[in-house]
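Look at the two complexes coming up: chain A is in both, with chain B in one and chain C in the other.
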Partner chain A sequence: MSAMKMNRRRFLGVSGGALAAATLGSGLGQLRAAEDSEDLSKFESQGNKVSIASNCAMCVNKCGIIAEVIDGRLHKINPNPEHVKSRGMLCAKGNAGAALPYSPDRLKRPLLRTGKRGEGKWKEISWEEAYRHAAEKLAELKKKYTNRSSVAFASTEGLQEEFFYYLVSGFGSLNTVRHPTLCLSTNIQGWSSVYGVYPDADLRHAEFVVMIGSDRAQSLITPDSVDFQRYKPKGQILVYLDPRFTETAAKADKWFAVKPRTDMAFTLAMTHVILQEELYDKAFVAENVHGFEQFREHIFSNEYTPEWAETKCDIPAEEIRWTARQFARHAPRSVIYPGRRSSFYAHEVYFRQTCAMLTAICGCWDVKGAVVPKSSVSLSSHTPLFPFFYDVEERVDKEAVGIVKKVVPSVVDCPLVGTGLPEDSCAFLSERDGSWITFREAVLHDEPYPVRGFFVFKQNPVQSVPNTSKTLKMMEKMDFICVIEQQMSDTAWYADLVLPHSTYLESWDPCHALSGIWPVVVARQPVIQPLFKTKTMFEISRGILKEMLTIPELWEDTDPEGLEDFKKTVMEEILDQPIQAYMEHQLSKYPGAYEQILEKGVFALSDQPQYGTTRKKGFRFKTKTGKIELFNERFQAKGLDPMPSYCEALRPRKEGEYRFLVGRTAWHTHSSTQNIPHLWEIMKENAIWINTEEARKLGIRNGDSCRVSSKAGQQTLKAYVTEKIRRDAVYYVNGWGRLSPGMSLVYKKGASEAEILEDTMDSISGSAAMHETYVTLEKA
Partner chain B sequence: MARKKRFWSVVCIVFFVACSFGAALAGSEFSNDGNGRKGKYLYRKNCRTCHDGSSAAEISPNTKTQAQWQRTFNTYERLECAEEWQKMDQGDLTDIFTYLYDHAYDSPQPATCG
Partner chain C sequence: MPDEHDDGQGAGWGGSAGFDLETADALQGCFLILSLLFRYPGPEVYQNLSEHLQGFEPFFQAYAGRSPRLIPQEELQAEYVRLFVNNRGFVPVIPYLSYYRDSNRLLAGNSLKRIRDHMKRTGFVLDEDLGELEDHLAVLLEFCARIFSKCPRAEPPAEDEGVRLQTLLQPCAGYLLEAAPEMRGLIREHAQYDIYRVAGDTLENFLLDLDLQ
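And now, the complex of A and B:
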């Protein structure tokens, strides 16, 4: 741990991209104060100051924080130097979280719609009325459709999400839909198809790193974003592929402006070189790999040579050859970085497979500096007994046969037929996650049955699911919509009942094991008292479920014994107890751990990286054969191509179309942080990146207002004319063009990404394919 | 020599019959065509209450591979809690088996995030 310790001044040097931009572009008193803790003391009041350890919730990382509270008011947030995962780092978002509780746009009390949907007419109601209303609506929907799955539940990750699932399970719907098919499900499935798990990369010790489209300097993931910039070993080489010159490109040793959607040609050609020159790890392959001979034959017979790849991806053959040789030379300390969000293309699972297979043949697996399966700290789990209900039908995105044909791209150079991609339904759906694109399509077509209730926790599908007009149409079909949020998101704006959730700085959040190479357990405690009449999901689920128990019709299709079990094990033993009791039980295997969580905000069994579990003799991988699979037996059994074959890229339909790319900045998380004042100061609206030469052709100058159009929709925003993007692509960041006047700082500012994204998908995982939309651009 | 040949023929036949019987038993007794959703409830109510690490070894569906679950169910008489199994309805056991088999260590159930 000591080697990782860093003071805040040193950290701020590390995370310079994010925070430097934050301080340069604004007059942010608080962020400037955060930059220099010594100077800060001059401005502090002499009140009662306390420091409380907790964890950030401004994005998914859950980095360690120390909140400074003076006279009950949150003064500032510091990084936690003892948090082994976040390495004592706190980014611009984490710092700006201090303003979140005090935002004037916060939801303060439950709101019931009184006007038309989207009209913005609400009345405040009490929590008792809100719980009753929600429970009665659930009863109405159950009675009307005699199918509990007629109510859908959408949510995203977070420590309170498990209590949202108490509500889901207490009602009994199978229609849940989460974020992964808008994020990393292709990555999970591509890597898992080879190793049975989705691993991390040890960037702290790797010698040679290939990153493909993962802008880790901006799209922050801890510890990776810190490690590859601050703690990388001397001499580490970073090769980066991206159609844009990003912050990560600026830090790379080599940047290749890869042609969008052709990354797979690059990885296949690297594989070809390594196999042809016999640079692979023969001993590792012999001991651990299934299907090597078929795979080698597949690569050779398809002639995936560097010269072939150059014609596809615009990266010179010699550079591909060099990268392959370097990758093999530094093995096993070589990494093809798995990354996180991967919802780029249709056919994407196969691309991710090639990354995993390249890793396997060089033995860059589960050792220092390689790709490493995640370890975890095992928590004690509760065993709540939710009733078994009879009036429940299977999920719509699983049952709606043929729905995939309705949403996959109609104009592709490689039609689905013949590539082994499923056409009727997604091949592998996670039970909880589902597939957003197919789910919505099934609801729109009432296939195979109507879904008319919608509960949403923390997710904002109006801004996050491609093709907003379809999402709004889906919501129009609903008899009832309830949204649980902190601010009036675009989705909340179209709801019937809005329940205000407490911020992460005001709530107790249960323990969560963050798996990884440095596994830790995190939890949250309030650093300030709730400012308004908000509640946590723990409390909201308790409130609604209690009201549900007073409505007999809601329990007619379960056995009395099951109902009694539910009352005892869920209500009495968990929800009616303080949440601290729940947390203590989670940590009961580790004496003193609960106290440590309260004191330090984090608990770990070790501060050392965890390697080697799967290298032990006789280890069985979670694949069909128990080996690392280069020939995928499950894919074969499903009628899919068992090995990755290159699929030609979708081409523009007409002259003047550009491929639309999505991406992130270091100071925003999806669509959830734009309305926070400090972060809004950094970036007040988004702008579309267009290559200088193309802009000249179109008569567009920097700062001009532009109209961007696709088959899905049209948006207007300013132009950012730059050399930092290929000529065949344009890009703008997510989070603007908001429909909700409740997001006062960003309402109608800039352009929405979801409005113009077409709803294409990868039909193996059900993931949205967010880089498959072509747009035109003109001066507005 | 002929006696020796006959002996080995008999051994082969006995072995073949035993294997066939075992395979038939494994294939016929439990298959994953029950109600996995109900099986989850029954597993949590009947198995997990002890097998949460408190009074018996902690188990979860992914503690075993599909083949291991198949073997466990086909030979449950050997388990310490065999008496509890015998009290259960065959249909309930099939439901529990379906849940465990479909979520086994080597099942195709994809991982998730968060």
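And now, the complex of A and C:
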């Protein structure tokens, strides 16, 4: 030990006594002396290793995980081999989740804006202050607009989302907007219009699979992606349509570089072949299908032949015939894969209908290897009673049809508009989902009334909703924005109040029945203690609602009895109880299930696939006729075309425009994971795919910096010159080109999708149409 | 640091120069004022900074060549959050030691474990209500200050008291010293107000001067 060489003059002129007394002696200290009697072993690292089962939350799949924790620190996440749904698989994102709680960028305490919105001036506040502030702002908004729907609530799926809806229902707004209209609502609407439900595909047992734009090798869905990788090599035939040669295309038996927006010509022509050659399942059709004769007449009278389709979709007629015949030959173990994210085009619901109808006429339904309705493990539900409020107006996206027709280009330009659209253009929105594009237009135009409050849970609309500048303008109109997030997202940056949510590795999340061919129940338990002062949505809803209950003005438009019911059934019986009690009740039908969830992270009634429920005699489908509908009675009643008619694709506005395509990679979830170092290592920026010949015409070489422009915006990124994309399209994956100068790994790297996409939508489902934007490209 | 300030009276951790209570008291104060500066300036912290910062002027002058000037509380809070808590998607100056010392640039790594164990062995534990990590800069600086409260008040201290205190201090202060240059650089790059630049400069120079190797 060397002698201290400090220069005494440098610090001996000060005295620490007064400061020590004022801080350490007055309760301002952060450390405390341990009591003599205190057992300090809990603070000591002893190398204790435990394995805790839970479920991933890095994307929507909720795959099984086993967390390896040493002395309270998460060291590694392993896949759960006993998880029926994820089949012992954990992807790169799931592995990288181990870094999430330890991200230095995560939110740690509630932050309240003190400067101008977006200026970046914040102060820390306590949770008590945060709850009070949120409750007071809700009261102010209610008083000012005398309409609870003047506050909108946006969220994304997740196990805690139901508690966000406790807050929504406790306040009483009808304006909620979720992710499906940026994701799979067209698919849900299309398939449901035929079968009454949105089914899964049994890729494990299918013999013949047609995948249209579902890049299952990259855009991972469990168990589908696992089964696809595992069972495809064992003899399954895969026909894949995509304007790009993707990882899935590489594994396909046949890949057709379909012309974008013309997939429906392919499926209609397949149908034509099957009907004309009478390859369909006559017995199944006779017993289960409504409208077959009208449908056949519709297909024949419109002459949806393979030769016609070839001129539309660039797939040879003979290949369409071959696919149709093979499909029928392998039926019922043939699948038109329903897919997941399907917000590609305007008119998309009708295309999805044709996929469902093809499977229906061949009887590829609810048997091994076919398309199968999801089964579910029934959970015991709680019965929260929320007050009925009087000062509530209908949702804006139901009332704003006039606005949407004026401003959304697809609705104006789509050739089918005026030939069957109902007055309420979003006729089939799910109750809570809303339509993001319509909602935003309504807010921007204050029609039918002003929306001035915005609560956001786990959504990042600034990045995820097409046309970022419009989203920012919408947010500028708000009197108050509260964002509940784990990181300072681009949306949180424009909030007034930011509430830090615990990561999925630090929280108890309630049980969730994941329906499917292999239905399971999942839940989460903390594998580590929260590092900072973060909370879950369960706790946040409880905190804000409790504060709301202390403000009488918030309850003036409800009857006292309803309010008392709310206090008892929501506050006392649910939110004031430990969340574990809530979970135990959910599983109360199944003795030992709660313990199994804690031990294994998953509960299933069986590990065998569930088939045949809808094949039982007398089964009634959830359609208007109770049958599988090829002629849709609901659409007919709403003034829509009851059967799918081909709609010509929008053409480029001028020479030199390319259709812009979006897609996914296996190592990122939308725009939420790019700044995670382990994932960033795999892919450091995005690049625009352009066909070799087109690149040559434009003088663009591989790696050149390119400027891509649309009516919505402009971005700059590197070129990836390749034969793997059609000449009339360009593509880049989303998640880069971030607005935030602080997203250190991805700031100024690559390009944003939301900045380029025009806000075009499918007129039936209200879903954003992500592949309807044309762009130009030039060397930057 | 410039030598003109050196009066040649080295205050040793041990040996003939001894280690007196005045030294312990002064060192405690220096660590404490730095701890306060690197802490979120809530009302009480801000109040204490207002009252005591001036008394440490010689200290800051000696190690940074200038004194920190307090700015209005709301501005200071915004600056603190912007620099150390959350910015748009990242934190310019991560205030946690694990981030700098452990290879994967994450929080709560092995360094935190070692620091937590050392604090425990020294008889201190973090206030659990704080929702903070032991390797936060402000916590570590407070820990260093508290080491000196362990100096027996009876005069004169034992001859090896300085060595004993240095032994207690070294693990945490040593970690601080390792991270200080990078943190100081980041503060210089990102701070909008001089107060945190002064704090960063002082921290590094002060730790260097302690000669903890």
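Here, the second predicted complex is superposed on the first by the 714 of 780 C-alpha atoms of A that agree within 3 Å, B and C clash if a C-alpha of one lies under 4 Å from a C-alpha of the other, contacts with A are read in each partner's own complex, and residues count from 1 in each chain.
Everything below uses one rule, namely that a contact is a pair of C-beta atoms (placed from the backbone, for glycine too) under 8 Å apart; a residue touches a chain by one contact, two chains touch by 3 or more.
It should be emphasised that the depicted structure is a prediction, and the values quoted were computed from it without experimental measurement.
S.K.: Could you tell me if A:P677 is touching chain B, chain C, both of them or neither one (first, second, both, neither)?
M.R.: second
S.K.: Determine, for the superposed model, which of the two partners chain B and chain C contacts more residues of chain A.
M.R.: C
S.K.: With the two structures laid over each other on chain A, which partner does A:Y102 touch: chain B (first), chain C (second), both, or neither?
M.R.: After superposition on chain A, A:Y102 lies in contact with chain C alone.
S.K.: So, does A:G626 touch the first partner chain B, the second partner chain C, both, or neither?
M.R.: Once the two structures are laid over each other on A, A:G626 reaches chain B alone.
S.K.: For A:L111, decide between first (touching chain B), second (touching chain C), both and neither.
M.R.: In the superposition, A:L111 contacts chain C only.
S.K.: Who does A:F300 touch here: chain B (first), chain C (second), both, or neither?
M.R.: Once the two structures are laid over each other on A, A:F300 reaches no partner at all.
S.K.: Could you pull out which chain B residues touch chain A in their complex?
M.R.: Its residues touching chain A are 37-38, 41-42, 44-45, 48-49, 52-53, 65, 105-106, 108-114.
S.K.: If you look only at chain A, which of its residues touch chain C in the complex?
M.R.: By the definition above, chain A touches chain C via 1-20, 22-24, 28-34, 38, 40, 43-45, 71, 73, 99, 101-105, 107-109, 111, 114-115, 120-124, 487-490, 493, 498, 530-533, 675, 677, 738-744, 747.
S.K.: Enumerate the contact residues on chain A facing chain B in the complex.
M.R.: 60, 156-158, 161, 174, 178-180, 183-185, 188-189, 192, 196-198, 380-381, 383, 385-388, 392, 428-433, 562, 565, 620, 622-624, 626, 634, 765
S.K.: Contact residues on chain C for chain A in the complex?
M.R.: Going through chain C, the ones touching chain A are 1, 5-7, 9-15, 17, 19, 22-23, 25-33, 36, 39-40, 42, 44-45, 48, 51-52, 55-56, 58-59, 62-63, 74, 77-78, 81-82, 85-92, 94, 96, 99, 104-109, 113, 116-117, 119-120, 123-127, 130-133, 138-139, 142-143, 145-146, 148-149, 162-163, 166-167, 206, 209-211, 213.
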